[in-house]
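Naming follows writing order (A, B, C and D), and every chain is counted from residue 1.
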């Protein structure tokens, strides 16, 4: 049987780009990690090393820089869409583009209670992400975040589970629930005036509210309800996917010591960890196409 | 419109398991990172927190340990298949299982030229990987490796590429080509007597031979020919996928110094990097099903 | 010549300990990484494997857990002092102890503007650190932080430097200055009622104010003035040490593109980086002893 | 009391430098991470931002590149000495220099049993390190390695230790001993013809032989005897320092399963870990001066 070239894709990953808006003394900062991948008739590069259709990844990097100047890359979704359009619309052999972006947060340093004009401290909470797929008959934007570390110190149970001969875990009605959440939600063919920053803040708030308020009987349950809350809040979202490691906090055994330990002292374990994947889909949502076909290991 | 539960999966990730075979004074070591995920009728856990069908991830961990005792987990593929069979065949609600394994290499310490019986040093080269999907109507094994860092100091060109107004890269007929290779190849419904360790060594050797010998005009080209070599060597392989960052080595500009630099001193850059994805498929190969539906971010 | 045992030390590193105070419905969380090292007559363990004087590192870990219950480990300095006293005062052969702590920050999730009782999100900014050395004739506490990433988008010059034949750098009167700051300050034989949390907040604020307000002609200068500000604010501080990588932000060269780049688009480089070490010492300060003799690579 | 500038130092960290020797078709590769730090009358840079005595870190980077061309940087110790001499001897205000180097190993790819001329695979075992301090009245070279991961599956005991009320650990006469070893040994004012590569191989072999052959009753004991073996083998070594995390391998409890576990299945834990520091000193050795005054967090 013959051997054929399968799916291919190439691009530039992890261009670390900082954009300063300095039109006034009060500067703005946008700090990004940008990756771009192109699809099209690039077979000859693979089969024969013929690069005549290949826009160098170095050029893709330059383009990411230039487009960060042409427009302020905030919101990142609009920037990613513009960059994807450039590659597909302006560079003839390119048929589709994938842009993946991470955004790192910064806040102004406060001096005597006043935010400083041009000094910032990096916030360490979640990393905001965006993935744009422009095909161009259809456009998908996957907005999201990763590394949002959350914990509730009560309000979480784990019991009445399936037991087999290898089950040694004890049920509990009060445990710490903690995770480092990754969540991504898809908007297909988004409206031109979509408020990306507002949607991001709204989805994050809705999910945190659910995490805090739901009396939890499974991390699976918590994730589903967080995802559903996002879709209920924003009709433009077609689906959401969540991945959450169960960051185990084991109650330290004090039975041999002169102290009680009533859910007060825990060992935060590294590995292994439960890993839960969940998703919520709006009935009748448009197809996902390549929206979830990730380019880099960034996410 | 109503909101529905989409694809779900849960399990235990990154159980760090070391197995010693000590039947004789000459010990053997197998050092693994094992992840397992289960699929089945777990909807109630997500919707209502009802765990009655849920085998705890802690039990999955225990099972990984016990099966590492029942059989020597070398080759890892046979171990992963046995563990997947256990979950699907022995635990009623489970309908399909995914096992992902990393194996870290160790070699015997040599004392006066003789390999020691029970002292080992960890080799740092590639990490061997395996992913087993047991559905159970079909079984997929994806064998592979990651983090194989290779470099050739000549025999690599980059020229005659597409140029647009943002292209500043200069063509070259002699550059360093370096990458940290991830490669994975699929065998569906493998024969019971398949020599997994032999296939692994053979595929790696075939790919390294191609990397070394092919005069390269594109990393894309090198990857395709490496992948094709694997399929040519082993008819049981249905397809192979490769991901390779182009680890750029930039010639340092000595033009203002009193020394020439004729492809001798390079800066090994971190980011950004070109990222190339390639694949080779055997014509008429069986469908991939969920073979590539990864559970963890291990790969 | 004979070969002798030199300095020795042993202990338990990186006990990941989470303490919940749950006396009321409004929980408090303290999230720590605790390391302890002991010094004393442990020579026989090294020379002959005689452990009779050796308190196992596992016991040190248990002690760290128990002391986190005996007192709320906030402030971490008081907790570290108590744990050091326990090892030296209660375990006969131990002559001196070193406790090193990292504290990870958490803030309450806000639901409708109200901080939640038992749900927290991890803040990603700096990691607070403490190192206690109890000898016991003298006690040193080194308070500090690491990974405080700060940036100013103007107000930084670099010019009029020494030039030799290998100098290619161009001077500038307007660059981005960014660093990931580590700072540690020593208090020897601290007063029993020292307000550790207040001092921490005060030192951090004083340093950030200097970073923001000083027109900078060298990262060296900025560091010195930040350190001096800390000593001016708190007479109890004997000395301060600062380490700061110069996180280079290179202006992207747009000269061949149809866009200007007037300090607006930068490449945030990974490596190499300038690395500046600075310190400020109060005249007549007590000697440092082993205060800076670090145990782990945590810092 | 007045506040004064304390110890200062500055330089360029982590220049990632690859040197190819290509005088014949059989290329050689040296892959380095080079850091340099300078000491001298740099106070004005700290106090006032006056850079007139400051050789930019960018120039230090350029110098590292140029010296990698002037001589083949193998052995790394000779290269580091030459670079340190350059800074102190050729750049007037510089009074002392510190060079820290990491070297990553590469081996030739074998094709049909023959080592390839210009294709290499990175070996993942230990990272070789060197630290040169040139003052210049005295010269120290600290040769060493880090990340050498070794394990013995038997021949290690842990018992008869000190017990207090917080001790729960059980004694054992057969456990896995594993560590990721860092070792560094000092040669002061080395002979011009010292065979650095030979010494490196010899010390590593002597230490591995001791690790394997010594019946161990404490990791402390193993480290001391490994260090002593190095000093016995090479009279030029004045002292050696070792740091070793006790990478705990816990026997998995099978008591509730239908399988025995006779030291066969272990959990390789991440944290916490015992951390042991040891050193061996030759009687009458020359003083260490600033030999151990590390610049970067590389080690």
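Throughout what follows, contacts are C-beta pairs under 8 Å (C-beta built on N, C-alpha and C of every residue); 3 or more make two chains touch, one makes a residue touch a chain.
Worth saying up front: this structure is predicted, and the values here are computed from it rather than measured.
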C-alpha-based rotation, chain A on chain B, 0 to 180 degrees, nearest 5: 180
Chain whose Cα centroid lies at the greatest distance from that of chain D: A
Chain C-chain D separation of Cα centroids, rounded to whole Å: 23
Interchain centroid distance [CA atoms averaged], chain B/chain D, Å: 30
Multi-partner residues of chain A (at least 2 other chains): 15-16, 62, 66, 166, 168, 257, 270-271
Touching residues on chain D, where the partner in the complex is chain A: 165-166, 168, 256-258, 270-271
Parts of chain A lying in touch with chain B, wherever the complex brings them together: 1-16, 35, 37, 42, 45-59, 61-63, 66, 90-91, 93, 157-164, 166-169, 216-218, 220-221, 223-224, 228, 231-232, 239, 241, 245-246, 271-285, 295-297
Interfacial residue positions of chain D with respect to chain B in the complex: 15-22, 27, 29, 31, 62, 65-66, 68-70, 106, 109, 111-112, 116, 118-125, 147-155, 176, 208-209, 211-213, 249, 252, 254, 257, 259-270
